[in-house]
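Structures follow.
First subunit A sits with subunit B, and in the next complex the same chain sits with subunit C.
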Partner chain A sequence: MHFQAEVGVLGHVDGSSQFVSQDTKIVCSVTGPIEPKARQELPTQLALEVIIRPAKGVATTREKLLEDKLRAVLTPIINRYCYPRQLCQITCQILESGEDESEFSQRELSCCINAAFLALVDAGIAMNSMCASIPIAIMKDSNEIIDNPSAEQLKTSPSVHTLALEFVDGGKVVKNVLLLDSNGDFNEDQLFNILELGEQKCQGLVKNLRKIIQDQISPRLVV
Partner chain B sequence: MAKDIELSESESKFILEALRQNYRLDGRSFDQFRDVKIKFGKEYGDVSVEMGNTKVHCRISCQIAQPYEDRPFEGLFVISTEISPIAGSQFENRNITGEDEVLCSRIIEKSVRRSGALDVEGLCIVAGSKCWAVRADVHFLDCDGGFIDASCIAVMTGLMHFKKPDITVHGEQIIVHPVNEREPVPLGILHIPICVTFSFFNPQDTEENIKGATNSEISIIDATLKEELLRDGVLTVTLNKNREVVQVSKAGGLPMDALMLMKCCHKAYAIIEKITDQILQLLKDDSKERNKYAAMLTSENARES
Partner chain C sequence: MAENTALDTIEVHPITFPPDVLARISPELSLQRHLSLGIRPCLRKYEEFREVTIENNTLSRYVDTENVNAKNNILGSNVLKSGKTIVITSITGGIIEENSASIKDLDDFGEEELYEITKEENVVANYASIYPVVEVERGRVGACTDEEMTISQKLYDSVLHSRILPKQALKVKAGVRSVNEDGTLSVLYPDELENDPSNETNLKMKRKWSYVLYAKIIVLSRTGPVFDLCWNSLMYALQNVKLPRAFIDERASDLRMTIRTRGRSATIRETYEILCDQTKSLPLMINSQNIAFASNYGVIDLDPESQLQDPDNAEEEVDIDMDEARSVLIADLDTEAEETSIHSTISVIANAKGNYTQLTLVGAGAKITPNMIKRSLLLSKVRANDLSTRLNT
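Up next is the complex of A and B:
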């Protein structure tokens, strides 16, 4: 997956990132750990407030669903028991969706996951593992599986998927599948192929994500 | 602007004392507006504006809707200025009841929508049944003061940059031509209102604040977040290049006399003139960049102009 990302782009939050892949552009901010409102507080662990805001119009049920998926991906990778009775606010602003918003959300979701991961690291929140996510589409006639499909490719494909994997050991070992969200017509073999190709592509992506973090912090390190 | 951030006593004393001695923290003079950086996105009507550390993104979109029953010849125009926690943790998601948030959206609304900057009659397709609904979504990304000024610039630049798809009307039936089929058409902009915000500080004690006889208040243009937190009064004037005052907003705070208001308007005019020219120049450069093959593809003869 080809992308450009930058961390620490905003000044008034604890961590932030900008993630651009093809025509999709996301800004993500992380604030935390901060004091939660009484209703958000969890006695033993960090509470997460996940917000996704669309490029055009007001947030609808579509964004709520995206928020829910993003929360499901982030919850297991954050070391939540480090911060009991605290809150972490994760806000993603979609600047350019890069797909037809009325039909698809795959590109936006995977970019949000990657952006949120970078912003969490930038904010210095304790993490258990890394994550990387890619959108996948199966092409109509050739049955070819492509990662990071464009808006046109999404439209013509019979099934579209979002895959998020959890990595440990410096991004070398896949620990778990965090999210596999599929839409359309596909069969079991195709799904296994998606997981296989997705693993390769996510591995490449996680390497690049690590590099971005490394480039960001290495000048700050005192040797 | 924000309530939850609190400046320490020593920091606020320092800033105020510096102002008394004619200094600002960022080294600007009192009447200096921050440099405005405007960038266009890939699509029409996608604009980001940076003023110092303040970042605002504006996205214009349109769709076909039904006009209001009492205004059948007018299209719809909505500006949404919702502040999210991305600008700073002091802002709450979906909380538009905060005083500053309301003030900000009201002033933008007054400056752009109610001043008739956008020709809403030009958005009418079929009277009473179909019209364009234009929407401006302002995303505040980073907050370092001057939200009103920055979002006004962003909305106006966005509206001028935006192009809606071309349509053909056959009686009640309309055909919307995709952008790659027919050249999209720009919106009708009647004038370009730009906001300039003045902040006032009272160099004397609070008694002076009430009586206000000496008029020795300090006025600065385009305050940063820290200056906004400490100010005693605020005035937002909106002007356009035709030397028209679009709106003046001064909600309480330090009293000021009419001459001061005139002086502020004159100062603001110089600023808005510069910003308007900058916007127009950038739009020209952008359209040249987008249509760089137009000169090659056109069948028009070269003419002396």
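Up next is the complex of A and C:
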């Protein structure tokens, strides 16, 4: 997956990132750990408040569903028992969706996951593992699996997918599938091909994400 | 007291709770205890589904085909019971005017050609969805919860991407109401006049309308995740939807349009009052081969420390169990204990042929292995087969 990313782009939050891939552009901010409202507080672990703002208009149920999926991905990779009775706010602002919003959300979701991961690292929140996410489309006649498809490719493909994998050991070992969200018409073989190819692509992506974090941190290290 | 040094006499009493109390205060432990016996808190086996009973079309205005209840605005309905949970789906509709750019004008094609075209361009843009509102009754009023919103949106997305509702099927074939010589009103529909080609051409209208479908899904006695129940209920309901015929008044049809649109008074807008027929209806032509049914699964690691041991050979069992943490696949999640303790879930929408239209895999807990995925796909295929046979009963 080809992308450009930057961390620490915002000054007034604890962590932030910008993630651009093709026509999709996301800015993500992380504030936390901070004091939660009484109803958000969890006695033993960190509460997460995930907000996604659309490129145009106000947030609808579509963004609520994206928030739900993003939360499902982030919850297991954050070491939440480190911060009991605290809150972490994760806000993703979609600047450009890069796809037809009325039909698809795969590109936005993948980029939000990657952006949120970078911003969480930038904020210094304790993490259990790393994650990387890619959108996938299966093309009609060739049955070819395309990672990071364009808006046009999404439109003509019979099935579209979002894959997020959890990595440990310096990004070398896949620990679990954090999210696989598939829509359209597909069969079992295609599904396992997606997981196989997705693993390779995510591995490449997580390497690049590590590189970005490394470049950001190394100048600040006192040797 | 400080001088009391005889602390070695302290006794530790284990606290015991009845099973139902333990289930409330420690659902995780209660679940693990049950699983170690090979059953679940709801007393089902690991891969056992709940029985589903359905009632189709009992609430619709077209229940009695002879005697249509015009005051009822429900076009198709389903009541689904699964365990303690009841899901009531009622489908209503509305009519919107198409703006001509939004849909391809395919009017000049015959039915068969149309089918070929939609088959060729099997892209999502040619399909519509239904607008669902899910209400999970919890005995209190207030704004809708996140769960209700996400289920509604997921239903919308899944119907769209399943390619069940072609946009073509929602087009209104509007008729014209005219006043006969003797003062009575009669409605002519274009497709009812096939023998009379002259009439058909006269009835062609410039403006186009489409039906939109809304689904109200009420969930009573929620005991676990309900997306799959809502989806299945919606599938049953969609299959018995009948769309009312619609017509416009003769004076508003294009027969007289030329007079009004002449000159610069083009700003005068023709008002088309489109009315629905009280009795006549057409069945909704859905893509029935894409009808699919949903099921959900969970993956959980068995905790060796929570195992109930057989008192006779307790030592042997401990040795075996401690070696490997085994994970199991649980089908059709229900009860609070399962919902709060199982974090790895698989939700599948499958049709009976073995194709899948939706899959959501969340691995926040136990590791989801390829074998688990294969097993859940197989089970969902069997389940879809079973559920699809209930359509005609």
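Note that the second predicted complex is superposed on the first by the 223 of 223 C-alpha atoms of A that agree within 3 Å, B and C clash if a C-alpha of one lies under 4 Å from a C-alpha of the other, contacts with A are read in each partner's own complex, and residues count from 1 in each chain.
One rule holds in what follows: a residue touches a chain if its C-beta (ideal position, glycine included) is under 8 Å from a C-beta of that chain, and two chains touch if they have at least 3 such contacts.
All values derive from a computational prediction rather than experimental measurement.
Asker: Answer with first, second, both or neither: which of subunit B and subunit C does A:Gln86 touch in the superposed model?
Answerer: neither
Asker: Any idea whether subunit B or subunit C touches more of subunit A?
Answerer: C
Asker: Tell me which partner A:Asn114 touches in the superposition: subunit B (first), subunit C (second), both or neither.
Answerer: Touch partners of A:Asn114: none, neither subunit B nor subunit C.
Asker: Considering only touches as defined above, state whether A:Leu195 meets subunit B (first), subunit C (second), both or neither.
Answerer: Once the two structures are laid over each other on A, A:Leu195 reaches subunit C alone.
Asker: Is A:Pro158 in contact with subunit B, with subunit C, with both, or with neither (first, second, both, neither)?
Answerer: It touches subunit C, and subunit B stays clear.
Asker: Report for A:Ile34: first if it touches subunit B alone, second if subunit C alone, otherwise both or neither.
Answerer: first
Asker: Once the shared chain is lined up, is A:Ser97 touching subunit B (first), subunit C (second), both, or neither of them?
Answerer: In the superposition, A:Ser97 contacts neither subunit B nor subunit C.
Asker: Looking at the overlay, does A:Gln106 come into contact with subunit B only (first), subunit C only (second), both, or neither?
Answerer: neither
Asker: Do any residues of subunit A touch both subunit B and subunit C, and if so, which are they?
Answerer: none
Asker: Would you tell me which residues of subunit B are touching subunit A in their complex?
Answerer: Residue positions touching the partner: 41-43, 46, 48, 53, 55, 57, 59, 61, 80, 82, 84-89, 93, 135, 137, 139, 141-144.
Asker: Considering only the defined contacts, which subunit C positions touch subunit A in the complex?
Answerer: 122-125, 146, 149-150, 152-154, 156-158, 160-163, 290, 343-344, 354-365, 367-368, 370, 373-374, 377
Asker: Okay, in this complex, where on subunit A does subunit B touch?
Answerer: 10-13, 16, 23, 25, 27, 29, 31, 34, 49, 51, 53, 55-58, 89, 91, 93, 95-96
Asker: Can you tell me which positions in subunit A touch subunit C when the two form their complex?
Answerer: For this pair, the touching residues of subunit A are 61-62, 64-65, 68, 72, 75-76, 103-105, 140, 155-156, 158-160, 166, 175-188, 191-192, 195.
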